[in-house]
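Some structures are shown below for you to check.
Next, two complexes with chain A in common: one pairs it with chain B, the other with chain C.
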Partner chain A sequence: MDEPTLVVEDLVTWYLTERGPIHAVDGVSLAVQRGETLALVGESGCGKSATALSIMRLIPSPPGLIVSGRVLLEGRNLLELSEPDMCKVRGGDISMIFQEPMTSLNPVYTVGFQVAEAILVHHKVSEREADKEAVELLDRVGIASPARRAKDYPHQMSGGMRQRVMIAMALAANPKVLIADEPTTALDVTIQSQILDLIRQLQQELNMGVLLITHDFGIVAEVADRVAVMYAGQIVEEGSTGALLECPTHPYTRGLISSVPKMDDPTGTMLYSIEGASPNLLDPPTGCRFAPRCGEARTECRECRPELESTGDGRRVRCLGGGDRR
Partner chain B sequence: MHDIASRLWRHPRGRVGIIITAAVIIIAIAAPWIAPYDPYDIGQRGPRRLPPGPGHPLGTDAQGKDILSKLIYGARVSLIVGITTGVCVTVLGALLGIVAGYLGGFADTLIMRTCDILFVVPGLPLMILLANYMGTKFYMIIVIFTMLGWAGVARMIRSQVLSLKSRDFVVASRSVGARPGHIMREHILVSVSPLLIVNGVLSAAGVMVAEAGLSFLGFGDPTAVSWGKMLYEAQSGHALLFGAWWWVIPPGLAIFITVFGFMMFGYALEEVLNPHIPRQSAYSKLRKRMARYAGIGKQAGIGRPGGGESIG
Partner chain C sequence: MKEALLEVTDLKKHYPVTGGLFRRTVGTVRAVDGISFDVEKGSTFGLAGESGCGKSTAARTILRLEEPTSGSIRFNGEDFSAKGPEELRLARTDMQMIFQDPYSSLNPRHTVAKIISEPLRVHNIGTHAEQKERVRHLLDVVGLPTDAAERYPYEFSGGQRQRVGIARALAMRPKLIIADEPVSSLDVSIRAQILNLLRKLQDQFGLTYIFIAHDLALVKNMSPQIGIMYLGHLVETGPSGQVFGSPAHPYTQALIAAVPGAGIWRRDKDRTTAKPAAPLTGDVPSPLAPPPGCPFHPRCPRAKPDCMEPGRPPREVEVAPGHRVACNYPVE
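Right, the complex of A and B next:
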């Protein structure tokens, strides 16, 4: 395989609070190839979005602070760029779409204007050309009669259409990497699959790397090539989608997958859920972060920190009992 | 734009405000043609202390100047000072408020601490002091009012910007590479502009009162003819001793009507531009205000923010 487009190494991000730093992202490393989709999965508050925002350097600061690590986009460390240089990278080389298409567009401008705005930021073209390109982009993301719809205001569009507009904005300058932060969470199921299809189709056309953040294993199975599972600010397991979903190694991953309701479950069975709650990231457990909730935890689990270790076939797992697959 | 104008016209207080404001502006512009005499011309003086009567509908003052003409020309000073200051305060306050709120950090600290200082400065004594040192030309009054008045606007705008800058659409705009200057101009300024317009109008009204007050105390432009100065002359000429009501009531009424017109215009504009503000009848508004003073309606919040209030 060729050199990955986006490489994140040991990223550490804190939220500084009065009670001390919250370790939102604690040593995350990942890599995305061109044309590949890496899904970042985990429960709410595990640091998925903080990772994405740190890569974009959009983490609200204060209180957010990127403490250490490297974010390499084709070898260039984004964390060392000046803010004006970073502005060129955002939207130019790496773009992001957000969870809430309803509020991510400015209500006082037409959608065409906002897409044109994204074009004008990166290309020296006249406003008229930008408007024309905006219509073409809207067409490309599957908006019917784009010339007419470009004159619409966001409130005149449905959630799915607005998310398409957001995608058009994100793709205005043909980025190399697209970060999609739960792009379909706010949409209903039929629209979800349309949007996912659209992202996949555009990914192939533009040969983009996609970092897809989600908590929905259905989406993971549908679109991701590889999966990284996050828990309490760390990646606990990573592997190709098929392998990871079929035989998850880490107890947390197994728990997550067992929590997904299945069609063939007999009626009346309780839904599976993992005991306990996520640890307080102000003061994370000393040993394995999952140990307090883990059914297989041993004494050493509570004392020693497991490292993310390779187990072959491109799989990595952060578990002291990592070998014993059941 | 047309829509706003027509909604303003249909709004009862808006219509009153438009009529009064327009009338005062027309009078100010047309002063040389409608005033019977030119108060700036020493040659055009009649007998002194004349009560209202033929030839001098509102009588004459202690120097024999025609009161009606002074009243008409006085509208010019009030309007120029009020409107110019309203615009300057709004522009400066918006600029500094947006920069402080959006950029944060050192710029924020510098601007907001300056505001804090301006808030605790006793406005009137400082204005008197500055008027003494910097001269009493009426454009100096504009400079002084602007210097003292922008802080209120800046603080109000900053608080708006703080909530705006974490809105999804601002983050989304940043995520496609928009620069801070672009976001402040295209997203932040546009979002706060209704607030700015309303505040500008209300500031203008506040400044007109403050200018009249300053002139009344004798710190106005000695060469200009203004309503405040007419009151000052009435006071120093012992108008009440002579029972010369026509020296006092016309300028007082003129100030009152003009400020009232601007206020009505401003409040109506606020309701038209911001659909979240429920239309209230004058009665329910009064009841609410009384409840607030009685300490019952504390949660209803404090009065409207206005640059004019802090200096008036």
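Right, the complex of A and C next:
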């Protein structure tokens, strides 16, 4: 097996508040190979975006603080780089696209200018060449009549088009890893499927590793090779997409998957619901973080913290019950 | 056929667009452009479609929060669209709405008790003590603790706030509730709680729902009857099993195919939805300048020259009992 491009080891990130640290990311380890898509799934506040921002060292500090851990890009620890070196990594070796393409683009510059700017930052080319490359990139992300659209301002484009521009900017420097944080959440389904297709196609062409952050298991099923499910700052289960969706073992994963309405369910199917709400990460539960909401929790679950343990076949699960299989 | 609580016929809502020196009308946004459907008493009618298709405007126009441009709305056997202001005020107590965003639809300065009892106060129903008792009962019905009454919205999570919104909608004992994307701002594990609650309340109080959402699986789960909207038109209506099982409109077909991950969820033996269609290209056109003829023709893989003829809307066909489609060349 190839050496993974991006490796995150035991990452711990806190948000410091007056009432104490919020344990947003609490010992997350993951690895992304070239050409592979790893989906990081979870509900809001589970720490999936904080993980991505920590990898990019974009956690606003203060209040954010990367407490410990390592982020290795081809063996180089990004957490030890100087800020100027890190700037070369961002948008260079690792690119990121965000949920809301309107707020991520500058409204007062044309999209062609913004894509060219991304090229100029990472490549020694003339402005004219950068403009030309920008048009090529816009073409590559499926924007029709790219030379004309390059002169458009972001507000003249639809949401799907803007997300294509964001992707063009992210690809400007041929990144090794693309981090996509809910890239289609703001888009309609028909546009969403176009963007997902585009990401998949470009990933194959460029042999990128993709870390896809989402809350939607449908998207996971569609594009991910492997999945890591996060709950309350920790990865609770990890495995290949097919195996994990077919046979989820952690009670949280199982609950989450069965609470989503499926297209093939007949009308009126009662949905499984996980009672309660996610814990407050200022003061997380002492034992298993899911124990207060878990239907299968035993006494030891409330006292001992489970570790993420391998169960074979590249699967890992964090459950004292061993993750009973259905 | 059971009795219809709500009959909507050829409902239109157009907005003038003004511009120029004298703010003349320079165009019309045809947000809702002639939709017709019935909602059975005690049942749920689902409205699905992408953003900007007019599903929310349709809901607001049915409640006459927006005055309809034309068309008729019959509610409980009476002509709701012709009512004068005072009659309308009284009739509206039978219809309530649940909104998408439980953060902006609750007044942050009011206690939960005040929010839930507001409709009772507006309509002068009951004494203060009776209103208080009603709030206590409603909190219990939606699964909130009694002490929630004296607290403020910010003290609650999104799911709990949506429960407050539901309690407020129930305060007037309405017959019809329009739920506009009631769970789309909530987390996955919370959504199921709210959906199951809505279903329980429907059984308990015999409520009729119009359930609006962009998530097809969600609409199917909640609604025996559904309508698919595109650019202000209802392109397909019918029993949800039918519409999803054998979609007749190319748009419905493409919409179903675009639902991510449907392939992995289902095993072939329990496949009840249609085979995937080719993905749609392009964007939804602007409702300010809708394409002539069939509004879907620029994106339609089946479009023929007569679909593009100005002034010729697509033919409406009943492909199966109760399953209607507005398309010249429906999918067999």
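In the analysis below, the second predicted complex is superposed on the first by the 321 of 326 C-alpha atoms of A that agree within 3 Å, B and C clash if a C-alpha of one lies under 4 Å from a C-alpha of the other, contacts with A are read in each partner's own complex, and residues count from 1 in each chain.
Going forward, a contact is a pair of C-beta atoms (placed from the backbone, for glycine too) under 8 Å apart; a residue touches a chain by one contact, two chains touch by 3 or more.
None of these values were measured; they are calculated from a predicted model.
Enquirer: Mind checking chain B and chain C on superposed chain A, clash or fit?
Expert: fit
Enquirer: Once chain A of both complexes is superposed, is A:I191 in touch with chain B (first), chain C (second), both, or neither?
Expert: Second partner only, chain C.
Enquirer: Considering only touches as defined above, state whether A:V121 meets chain B (first), chain C (second), both or neither.
Expert: It touches chain B, and chain C stays clear.
Enquirer: Touch check for A:P60: first (chain B), second (chain C), both, or neither?
Expert: Once the two structures are laid over each other on A, A:P60 reaches chain B alone.
Enquirer: Using the touch criterion from the header, give the chain among chain B and chain C with more contacted residues in chain A.
Expert: C
Enquirer: Looking at the overlay, what does A:S104 touch: chain B (first), chain C (second), both, or neither?
Expert: Once the two structures are laid over each other on A, A:S104 reaches chain B alone.
Enquirer: If we overlay the two complexes on their shared chain A, which of chain B and chain C does A:F217 touch? Say first, second, both or neither.
Expert: In the superposition, A:F217 contacts chain C only.
Enquirer: Which of the two partners, first being chain B and second being chain C, lies in contact with A:P266: first, second, both, or neither?
Expert: After superposing on A, A:P266 lies in contact with chain C but is clear of chain B.
Enquirer: Once both structures are overlaid on their shared chain, how near does any Cα of chain B get to a Cα of chain C? Whole angstrom is fine.
Expert: Result, nearest C-alpha distance in the overlay: 14 Å.
Enquirer: What part of chain A is shared between its chain B contacts and its chain C contacts?
Expert: No residue sits in both footprints.
Enquirer: Given the complex with chain C, which residues does chain A contribute to the contact?
Expert: Interface residues on the chain A side: 43-44, 158, 160-161, 188-194, 196-197, 215-223, 241-242, 245, 255-256, 259-275, 277-278.
Enquirer: Which of the residues in chain A end up touching chain B in this complex?
Expert: Spelled out, the residues of chain A in touch with chain B are 56, 58, 60, 84, 87-92, 95-96, 98, 100, 103-108, 117-118, 121-122, 166, 169-170, 172-173.
Enquirer: For the complex, which residues does chain B have touching chain A?
Expert: Chain B residues touching chain A: 166-169, 171-179, 182, 186-187, 190-191.
Enquirer: Would you tell me which residues of chain C are touching chain A in their complex?
Expert: Per the stated touch rule, the residues are 50-51, 157, 159, 187-193, 195-196, 199, 214-218, 220-224, 240-241, 244, 254-266, 270-273, 279-281, 283-284.
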